[in-house]
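Next come two complexes, and both contain chain A; in the first it sits with chain B, in the second with chain C.
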Partner chain A sequence: MNAVMAIAGATFGEAIRKRILIVILLIALLIILISPAFGPFAGGRGARTMIISFGFGVIQLAGTFIAIIMCTTMIPTEIERRTIYTILSKPVQRYQFVLGKFFGAIGTLGFMYLMMGIVFLIATRFAIGEFDARIIPGLIMFFFQSSLLAAVVLFFSTFVSPLVNYFLSGGVFLLGNLLSSFLETIQRNPEVTPLTRIPVQILTLILPNFSNFNVQNPIINPEQVITDPVAYTVQTLAYALVYMTMLLVLSMLIFNQREM
Partner chain B sequence: MSDIAIKTVNLTKRYSGLWSKHPVDAVKNLNLEVYRGEIFGFLGPNGAGKTTTIKILLGIIYPTEGEAYVLGKPAGDPKNHYKISYLPENPYFYDYMTGREILTFYARLFGIPEPERSKRVEELLDRVGLSRAADQPLRTYSKGMLQRIGLAQCLINDPELLILDEPTAGLDPIAHIDIRDLILELRNQGKTLFISSHQLSDVERVCDRVAILNKGMLVRLGKIEELLAGGHVEIIADKVSDNVVEPIRQLGGKVSLHDGRLIVQQPDDGSVDRVIDIVRAAGGHIISVKPYRRTLEDLFVETIQGGKSV
Partner chain C sequence: MRMRRNHAGLKVLVVVLLIVQAVLQWRIYPLWVRNYAPKQAAPIGLSPDQLLVAVAGFREFLAAILWVRADGFFHSGNYDAVLPMLRLVTWLDPHNLDVYATGAWHMGYNFTDESQRSDRRYIPLALKFLEEGIQNNPAVWDLYFEMGWMYFHKIQDPTNAVPWMRLANEHPDMIPARRHLLAHAYFKSGRFDDAVDWWAKLFLDAEKTRHKDWESSNLYDVRQNNLEDTILDILRRYGPEPETQPPVDLGFDATVKVIRPRVLLVEGRLGIPTIGARVTVILRDKGRTINYSPKALETFTFEVDPKFTYMQDSLAVREEKFRREIDMSKDPKMYPFKAPEYEVEFIFDPRYASPNVQARIGSDGVGMYDARYLEEVREKPAPVEVPKYAKVSDEVRREVENPTREVSYRRVRKVITLTREQILMLGKRGE
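Coming up: the complex of A and B.
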């Protein structure tokens, strides 16, 4: 565990100094800070809904970019710079290296979400005059969404190049956000043939469902009602944990066979 | 405990691309034994298979055929890594960390607890002469300082075996000498050093035995003094008469005589004294006797251009 934590610490230390990630974080913080200014444009939905959903949107987008950019190069850079050789020549097993990298990524995401969350809470407090109770669970859901995405990116990074990984992970994230609603739509449509339905069903089953984490949907669309928000949150987070564990195990198995 | 630190048996590493019809043997049937306590030079031109072999020894890549053992256990056994260490060529470390932090990081990988960890880090910083730069980020270090911190991370676990890839490449003369002295000091402490290097003068000075690889195959292996045997001695004498030429030629020397000045290139095989005796007996006056030792560079060039395998 010592080795895993040492690698996680080094990964975190390096990630929070990456200029591109700092720039994304600063832009996100700036937009969150000025998000109350968009309240008056809400029209019929109300300023509160507009501010919260807009803030969540910014946080989700920033979290997605941070997860993809950070994790795409995490392992390939270590191989390219040969730092991995000095690490793996120590009594460090490859699975420990992958775990350390993942925990470092999660730590970085946690730090970024903490920064964005604090600014978001302060901005909404001043804009609507009170703390909205939906913000903290919402932040947790998006943090888990980004963490799951980080696990997907890390998984791909064990066997594809960073450039391919950008497209693959971006594609998986997009499909993972759209597929479940798409499946619902085609299942309601009797004209859709099994030839179309079955591949969508398989893809929906295999790919991680990122749409479950999108907590701004019920905020924006009042017709979407979650009867038991606590159970929904727990189930969604448990889903993320199970999926992340599976991806990590696969990453470790592939990385164990990888030649560098 | 076996006296063999590294052993490879018919070690082969073959690379075959997904679409390539012609696989390439980066290392082919390599049989090698490195003894405990020696400094072993692992030489070869670029692409000879040195780094591939090192990666196999460290378990970073896997052999296609054959076996590799390090300190009596199969290569790559993580338990073995408590006793070995590695310095890659042109090492890169997390450059936001300071010298002290990077050594602490590597000590944590070994699970060395406090206060032992801090003590060892401070000792090593002192040993490689970086105590004053210990709190500077590594991005401000010169190449020589990075090489020293690289060697310090190699010593964090007090290893039995050190595998060093180009430890003196690109260093200024002072840093060069420092690292060379440190290598000799480590040998005196009983450690085994396996050094891959293109700095042939360094290898010649510090190594006990060398192996030369070419195109993945072992082409030379032996003790430095044995491999470099076969130099010659140049004898210059004055006032020498013609009648000495033939007896010296019979001893295998290359002779030139002009206006009583004799120049002999005599093989260094014990016949030099007899040549001197012949010259003196003929009334000649010895001006100089100069040995010309064969260098590792001579041997290397001859071996690589000759291209035969052992």
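Coming up: the complex of A and C.
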């Protein structure tokens, strides 16, 4: 466990020094800070909708970019620089290396989300005149979304090049965000045949479903009454943990077989 | 040291985890659909850049921007452009109640002709739009109320306003003053016992908090006053010495004359011995009327039947007479006149008469008489399909899904038939 934590710590330290990630974070913080300027366009309730939805959108987008950019190069860079040989020559197993990298990425994402979350809460406090604690669960869910994406990217990085990984992970993220909506739309359409519906249902059950973590709508529309919010949150977080574990085990299996 | 084992255990673990996540996703999906889903994966009508913005996680933000744009169209009088915006916004953010409420109001009230007469062909669309909003937000009172209000105020059908108001009142967070409307709907629909009971209930509720603040104290006063007024009105009109008796002979009559192509002169008599009465005049395709129900449309659409003519106006009665020139020549889209025959219907409905008129004839018309055109209307509210996840007691659910309470009222009604040739003055100097 010490080895995993040591690699995680080193990964975290390296990631928060990466200029590209810092730039993304700073741009996101700046945009969140100026998001109250959208308020006057709508006024009243519309202003709240604009400010909160825009803030969440920026955080989700920044989290996505950070997860993809950070994790795509995490393992390939170690191989390219040959630093991995130094690490693996010590009493460190390959699975420990993968786990350490993943926990380092999660730590980095956690740090970035904490920064963005604090700024978002302060900005909304001044923009809508109240501290809205409902924003916090929304941020936590987006953090889990980015963590799951990080696991997907890390998994791909064990067997594809970084360039391919950018597109592959981006595609999976896009698909994982749209699949549930797509399935819901075609289920409501009586003209859609089972031949079309069933493959979509299967894909929805297999691919990581990122839209599960987007719970911002009831936060934006506080009048909305949610049925079983606790059950939903617990199941979604469990889903994230199970999926991430599965991807990590797969990453370890592939990485273990890899010739270096 | 590198592992060179088969890792069969880990492979089995992957399969188990795959199954577990699929089971979890299977359980999450229905909750997600109920609570968080947008109504279209990729709304048709969004430009590619808007679609990208929506997919990138700015769905509600885009909806808010489009809603602001729709407001701009509304204030510039471009009403037609507002409708597709409503569709897009509610697809992107189906829990934005303002959009449903404002959109339905817009369809129900704002499409008018040159003389500010509503295009009532849009009302079923408004009802369908509200029904969709209710389906998407079944546990919130607002849209049940809006539906009730549409029936109560726009359609002037208090009987069908009652079930929706009942459903709205099931929600404890409903604005207190809006609860009053159910009592008014009960009263107008002739359910006087229910009106008194509801005022009494509201009054007792207000009594518990009357000393809390000024607003609560004011609410208490309003409810007490309304309860007393309702009881007094019932006693005066239907008590031992009713002021509504003997009945007033209305001597109702109406005529219609085509004075220019698509321009009618309607006039007539209604023997109400006080001011404040209004006669409704409707011109419509013969044998066809508007079905004021969300079930009138199978699916929501912004299109109205372009061949259907329906005009409704309200004529003030002064010194027992009414008269108006109705010009339908400037709005051919609203009044296409494609049918071969038309019915011009004149109705005096006491339920929406002014209080001084009702004081004499009763809100159900018990104090009026007409030798030729008097009708007794008996009706029940249409059954309401309560959404699955609505927060409604079993009693109210049963009541609105299977209404049994019949109400009755009297009205006077005269129908005159005109042909298309007559209205367009074909063969004369007309079209």
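Here, the second predicted complex is superposed on the first by the 249 of 260 C-alpha atoms of A that agree within 3 Å, B and C clash if a C-alpha of one lies under 4 Å from a C-alpha of the other, contacts with A are read in each partner's own complex, and residues count from 1 in each chain.
What we mean here is this: a contact is a pair of C-beta atoms (placed from the backbone, for glycine too) under 8 Å apart; a residue touches a chain by one contact, two chains touch by 3 or more.
Everything quoted here is computed from the prediction, not taken from an experiment.
Counting residues of chain A touched by each partner, chain B versus chain C, the larger count belongs to C. Judged by the touch definition given at the top, the superposed model places A:Ala238 against chain C, while chain B stays out of reach.
Once the two complexes are overlaid on the shared chain, A:Asn189 sits clear of chain B and of chain C alike. Look at A:Ser181: by the touch rule set out above, it reaches chain C but stays clear of chain B. Look at A:Glu259: by the touch rule set out above, it reaches chain B but stays clear of chain C. Of the two partner chains placed by the overlay, neither chain B nor chain C lies in contact with A:Ser161. Of the two partner chains, chain C is the only one touched by A:Asp228; chain B is not. Contact with both chain B and chain C is seen for A:Gln93 once the two complexes are overlaid on the shared chain. Shared interface residues of chain A, touching chain B in one complex and chain C in the other, are 88, 93.
Residue ranges of chain A in contact with chain B, taken from their complex: 2-3, 5-7, 9-10, 13-14, 17, 81-93, 259-260. In the complex of the two chains, the chain B residues touching chain A come out as 55, 58-62, 78-79, 81-82, 84-94, 96-97, 105-106, 108-111, 150, 153, 157, 163. By the touch criterion stated above, chain A contacts chain C in their complex at residues 41-42, 45-46, 49-50, 52-54, 56-57, 60-61, 64, 88, 93-95, 174, 177-178, 180-185, 204-206, 209, 211-212, 214-218, 220-221, 223-229, 231-232, 235-236, 238-239, 242-243, 245-246, 249-250, 252-253, 256. Those residues of chain C that touch chain A in the shared complex are 1-3, 7, 10-11, 13-14, 17-18, 20-22, 24-29, 31-42, 55-61, 63-65, 67-68, 93, 95-98, 137, 139-140, 142, 389, 391.
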